[in-house]
Amino acid sequence: MEYFLILISAIFVNNIVLAQYLGQCPYLGCSKEKGVSLGMGGAVIFVMVIATPLTWLIQEYVLLPLDLGYLQTIMFILVIASLVQLVEMFLKKSVPPLYNALGIFLPLITTNCAVLGVAILVQRKEFDLGLSIFYSFASGLGFLLALVLLAAIRERLEVTHLPKSMQGVPAALVMAGIMSLSFMAFKGMIS
Amino acid sequence: MREILKMIVVLTCISGISGFALSSLKQMTAPTIELQLLTFVQGPSLKQVLPDYTNDPVQERKKFTNPLTDKPVNVFPLKVDGELKAVAIEGFGGGYGDNIGVMVGFDLEDNKLVGIGITTMKETPGLGTRIAEPDFRAQFNGISESEAKLKSQGGVIDALSGATISSGGTVAAVQDAGKIYSALKADILEAFK
Amino acid sequence: MNKNIFILTHGDTGAFETGSVPFEVRIPLNGHGKKAVKKKAEVYPGLLVADHSNAKIGDMHSGITGVVTEVTEKHVVIKAQELAPAADGEDPKPTGVEPVALAGLEGDELRAALKGLGVDIRPLIRRCDLLVINALNPEPGITYAESMLVHAKSTVNAGLEMLKRLSPASRTVVALPSASTAAFDGTDIAFINPQYPNSLDELVVASITGKESMKGVNVVDLHTLYNLGAVAESGMPLTHTVVCVEGRNIVAPIGTPVGALLKEASIEVADGDSVIMGGPMRGEATGDLNKGIAKDTKAVFVVPAGVFQPVSDHACFSCGACVQHCPSRILPNMISRYVEFNEIDFCRQENIGACIECGLCTFYCPARRPMLQFIRLGKHKIALEEAQVAACALQVDE
Amino acid sequence: MAMWKEFSKGLWAELPPFRLLLGLCPTLAVTTTAENGFGMGMAVVFVITLSSFIVSLIRKIIPKKVRIACYITVAASLVVSVELLMQAYAYPLYQQLGIFVPLIVVNCLILGRAEAFAGKNPVHLAVADGLGMGIGFTLSLTFLGAVRELFGTGYVFGVEILSGSFEPVEFMIAAPGAFVALGLILAGMNYLSIVKAKRRGEPAPENPSTGCHACRACAGHK
Amino acid sequence: MAKKSLSTAPFLTVASAPHMHCGTSIKGMMSTILLALLPAVIGAVYWYGMEAIRVMALSIATAVIVEALCSKIMEKEVRVDDYHAVVTGLLFAFILPAGAEWWLVVSGSAVTMVLGKMLWGNFGGAPISAVAVGWAFCIVSWPVYINVDATMLNTTLVNPLTQLRYFGVESVADASMYNLFIGDQLGALGAVQVGALLLGGLILLARRVITWEIPVATIAAVLITGGIYYAIDPEMYANPLFHLFTGSTMLSIFFLLTDFTSTPNTRGGKILFGLMAGFLIILIRTYGQYPDGVLFAVLLANMITPLCDMIKPKPFGAR
Amino acid sequence: MVLTSVLSLLALGFFCAVVLSAASRVFYVEEDPRVEAICDALPGANCGGCGYAGCEAYAIAVITDPDVSAGLCCAGGAEVTVAVSELSGKAAGGDDPEISFRRCVKDEGKVEKKFGYQGVLSCTAAGLLEDGPDACKYSCLGYGDCVKACPFDAMYIENDLVVIDPEKCVACGACINVCPNQVLEMIPRRARVQVFCSTKDKMKAVMDVCEAGCINCMKCVKKCPAKVISHVDGQIRIDQAACLAYGPDCEEICVDVCPRDILRLMCPVGITAKAQEAAAAKKAAEAAQAAEAENPQPTA
């Protein structure tokens, strides 16, 4: 049940993009086409699910015992940046089809604050290792959902007579706002 | 090979330097941060506990060691016109979002609660956050520690409708503070008298 | 609006009228390279006026007696007039041509003879297993089909015989409206519900074969069959055809100006009206009353200005009316938007090619968007793009 | 002069969140009040200026393969410093900005400028660029915060502006309001550019925020 | 036999095929919708009197003026004469309490038009239901002023949804379905005229302005989802019919979920869309913070519209 | 405390560096060195502004796809464009800048409408119906297909005719192929003479519909001393490169002989008014000098 609640919470109630403002750059940047948004979402889930347990281990076995809580940010980001680069190199060499599918999105993820955000959130919520992995997966799903929905709507907006000044990013932003507004329906569902 | 060596050296050096810089900065700022934390987190809650104190409890606080957990605990004296009215201790209880921190004021005379104040919480806005409202908090004024339980647990506190977890967390925090208080009471009396 | 306007059966409307001879004919040419006549040449019915280099496209013949006044790439204009009698000492001028005996010919000779007589044989000899004669009125408002099956049955039969000789098909089916009593010897008959889009070739085939594919099937419509029959019966060149002018079926010389036909039917045309050659759903509007009818012009209509709301550039608001009525089960609304915004790739994704151009989307569009025109434009753009790609590929090969 | 050029471009021509669309997370998240926006902006000014300075200083010795890790380490150290300093000297602000202070480190503005500019240019230009970008960022955030605060509460910087029968539009300070307000501000900027261009007599002005590549005519997209 | 050449040829009009049209128009469709809304308007006036007329008139006037102004600013053709602003304004009035403050009506109606229609390029562009956006904006901004219980203190009607939310299912157990059906309940002024709206919906269906898929799918989903909860524990959860007959459910089913621009076009898409909306209505009512989250359900369903449209039949020739 | 933090960060940094360097060795993949060079030149912000996912994707696209322009990076601006175009070998702008040019002056020729057109406002769509609504079927229809195709907003419609803004046109050529009547043509900005009509009709047909149309009288073809004017496909064409190469010695005789004023002397597009004035003044001065040389005034 706890897992189910976390899933619902991370996808709908506290969606990282729509309610917590994380990962805005890729949210607006990679939501022009459905295919691209799927790839980006998949890559984010992938990296999050690997990065979160790693950072969790660092927090548990390095930062807490040595009382170095203030180094959390720098250590996490170092790990995430290296990890992303490593994954990219690995995929490029070993699994070229997967690299072609997700690899091009990987460099964008280093600067995706959603990954770091989730790693830190997991610590603040004091989840255990299994729950952290699950939470990061659920958050990634939430990101994917928001991204794909926005991409589908933006594809449709492309063939609409938008006012000239609304074309492109402004329309996407307003649409994201309305999406966030509609996700407020889930507010209070889990309390 | 040279390049790899360079990579390793550079990245290691940068990490090391930043580690050094940061830890130095941390040490430099640590006392200030603690004071700020007390002023801005615990400070306002002290006002909720006893609105009309006249001293500076943050400055006059004393550190004790919690015999239950061996962790340091701050005890704040609340004085009105120089006369010690109560001492305040922070306790924690699990809420919905995160731990709820509650500052509990104890009357040294009769060991009853003078009031409580919420220090930290991450509850659902509009639901759980209502624990910080005066109506809810007022229920704790003047009751004894043993009474400070939810009605369902045999106490006198009405839980907030729709925010049972938050209410329970508050009560647990009060109980936590009460435990610390009873454990430290003798030391406190000695220190502030 | 009432769905009844899509009913394609009108009953027998009587024998075909023969119109008066127009003051001029404007014989449309379709890439006919060699013109057999020059300006000021005197012509008489049946005389060859233009030859086509392709052996499968019929030549053009004059339908009236008169004098050629203009010869261009697009048409030959003949002014109707009595020819001056032959001067003394000359042979009397010919007034007609001799019929060709088609009965004895076979294979290539037959084809050549028919081409010479003005029959476009390309659609008739297409490789197929099944030959379908589409004997429904093609579009709402066109009324010749049933009369043709009654009053010109012999011509139709002659056409059918000839077609069977030409076509490689092993089986022939005539598609008739469901209540029809017409019979054909040795030919299967299929009944089609006579409601508008059902008369389109693709849907007729789908209803007969149960497969939504035109592969191995050749469809010939009744109008073509009648023209073929007229040639086969008489052995004379094809010079006249049946045109349905606002419900009246008139046999007129090919090249008769639309304006003359309308005058014949005493229909006034005013500024802002549309004159349509072909049916009201799929026909082409013409901007010029002098334009001559072609061999395959089945009808001429006039839509007076103001009867229907003019098309507008209103944005599609996705009401879904077109989707609901589309017999091709595609999304005309999205396709029209994609064409509007030049997203040709998306048009392909939405299967623009499946459109059979029935025009129902435009008919039902409450925003009065020119949906079919958008779709045709999209197809045109795709064709252009493919031609470009093909050209590039050729260059690479070289 | 060169320094002024690099500095001033961040103030209008390449105004970070509005024109370059960089650093949107904090732009949306912390601008519930003008004060928060300003505070976040100042933190970013501090980080971006110093990170530009340091990155530019050490740009020659950083091997290419680990440069992102190095840049991000530098930025992260600065961010942690800011976090500590903020805790020590501006605690209420720290409480407001919450998780977003550590996230400055992944603010693409900082890494973006480090890569795009500081990693390739001499120190004085890099500092000018970082300062300009940071100040532009601050101004944008303050403006957005002021707009949202004004409509959301009737106050700006805690000073009551709209009073009397005005009912605060809470939508503006809620999460969706951030998106909508930013979207409308961008649309408004575009509208102004279009109107301005019309005044100058150009009949078909360019859409500034989408740029020419938005038409995708040339952007060989898949 | 030879005639003179044609006299001065008329200047013809050339358009692409087809040259006929069924005669429907946006104006006609909007008039039909207005006609279908008429019973509900009468019901609203019957139950709430002049207040209802005031709110409706104010909302419609604002919507029309805002549309005209925005069209002017965007230099587009002003098309207020197609009545769609009137329809939007009226629908927005329908979801307000009869005692709504004037400024709430005006600003809400204006936001509805701007955020829900004009920003997306007038009628035809909006990927979301304008009325739902307007409502969501208002409920986030001014939760008290749009709350029927807080604004309608002088009425004897009861709001069944608030009862359900705060006092549990016993409090509404004796609510008569007939009373709910004729609009004898407290709620937004037009949305609760359940019977009248049903009548209007049937008019729309009969006049082919809307198709059956979305209403039927939504009703089915509401009944099924509600029924499942009801079957699990009738003491905890309300009767599915109760959900259908309260709040804005009926209004959404026939007038908002069938809004043209924001809903799918294909039959499969429409059915999925309706099922999703119905499911969300029950979900939000059961777990959500808002007593009546129907319009949120509309908005959420709008979000998946483009995805729903991906369910399409195989085109001609593919089978 | 300082020591632990320094040590732990050192360790982590060392670890990351080792892993990364090892990985870069183990997972080494051969790449086009130009891609790397372009990656270096690009800002590396991976902002996605170019329409590609990240700078590297764009770099690969620029190298591998000849249709991808070198000027897509908006974060980098002009300097990056120059750098990328150098590295990818793509022209950022040729030596002889060109401009799009409309070969139609139907407003001067008073071309009338054949019929009232109703339908999609697109030249291609209108052109498919009865050769378009204009009496001349080679005219600029003025529904602006090219305007929509222009990525640089350099075109607009005025009085049913397209107008090209020389300041904005970058000669990308997007408009050339979308015109159904092939009215648009790319010409060098320095071009001296241009044909203002694209008809392929014969003399009479042209005279019927247009007062300013080319009647194919061939005078220009015959008179051109450089033989750069030709009559291809029923159209007059000028080989602009050859014309410019020949130089101004012919004194633009073609313009003088044209009876319909279809060949016109063009001010070189894109040269500022000041430069034109200067050129004109210089020419006048030369003419005066020449005149002086021919008719020497009697000196007192």
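Chains: A, B, C, D, E and F, in written order; residue numbering restarts at 1 for each.
Everything below uses one rule, namely that a contact is a pair of C-beta atoms (placed from the backbone, for glycine too) under 8 Å apart; a residue touches a chain by one contact, two chains touch by 3 or more.
Since the model is a prediction, treat every value here as computed from it, not as a measurement.
Participant: Both chain A and chain C are touched by which chains?
Facilitator: E, F
Participant: Along the shortest chain of touching chains, how many steps lie between chain B and chain F?
Facilitator: The fewest steps needed to get from chain B to chain F is 1.
Participant: Contact counts by the stated rule: is the higher one at B-D or A-D?
Facilitator: Most C-beta pairs in contact, of the two: A-D.
Participant: Taking mean CA positions as centres, which chain lies farthest from chain C?
Facilitator: Looking at centroid distances, B is the chain farthest away.
Participant: Between chain D and chain F, what is the separation of their C-alpha centroids in Å?
Facilitator: The separation of the two C-alpha centroids amounts to 37 Å.
Participant: I'd like the Å distance between the centres of chain D and chain E, where a centre is the mean of that chain's Cα atoms.
Facilitator: Using C-alpha averages as centres, the distance is 39 Å.
Participant: Give, as an integer number of Å, the spacing between the C-alpha centres of chain E and chain B.
Facilitator: Their C-alpha centroids are separated by 50 Å.
Participant: By the touch rule stated above, which residues of chain E touch at least two different other chains?
Facilitator: If we look for residues of chain E contacting two or more partner chains, we find 11-16, 115, 119, 121-122, 124-125, 137, 140, 289.
Participant: Could you check chain A for residues that touch two or more other chains and list them?
Facilitator: Answer for chain A, listing residues that touch two or more other chains: 25, 29, 70-71, 74, 78, 82, 85, 110-111, 124, 160-161, 163, 166, 171, 174-175, 178, 181, 184, 188.
Participant: Among the residues of chain C, pick out those that touch two or more other chains and give their numbers.
Facilitator: If we look for residues of chain C contacting two or more partner chains, we find 272, 284-288, 310-311, 315, 334, 340, 370, 373, 376.
Participant: Help me check something: in the complex, which residues belonging to chain A touch chain F?
Facilitator: Of all residues in chain A, those touching chain F are 25-26, 29-30, 32, 36, 39-40, 58, 62, 66-68, 71, 74-75, 78-79, 82, 85-86, 89-90, 92-94, 104-105, 107-108, 110-111.
Participant: Please name which positions on chain F make contact with chain B in the complex.
Facilitator: 1-2, 4-10, 12-14, 16-18, 20-22, 24-25
Participant: List the residues on chain F that touch chain D in their complex, please.
Facilitator: It comes out as residues 13, 16-17, 20-21, 24, 40, 43-47, 49-52, 61, 65, 67-69, 72, 74-76, 147, 149, 151-153, 155-156, 158, 165, 172, 174.
Participant: Please name which positions on chain D make contact with chain B in the complex.
Facilitator: It comes out as residues 58, 61-63, 65-66, 69-70, 73-74, 76-77, 80-81, 84-85, 87-89, 91-92, 95.
Participant: If we count contacts the way the header does, which residues on chain B are in touch with chain F in the complex?
Facilitator: Listed in rising order, the residues are 3-4, 7-16, 18-20, 22-24, 26-27.
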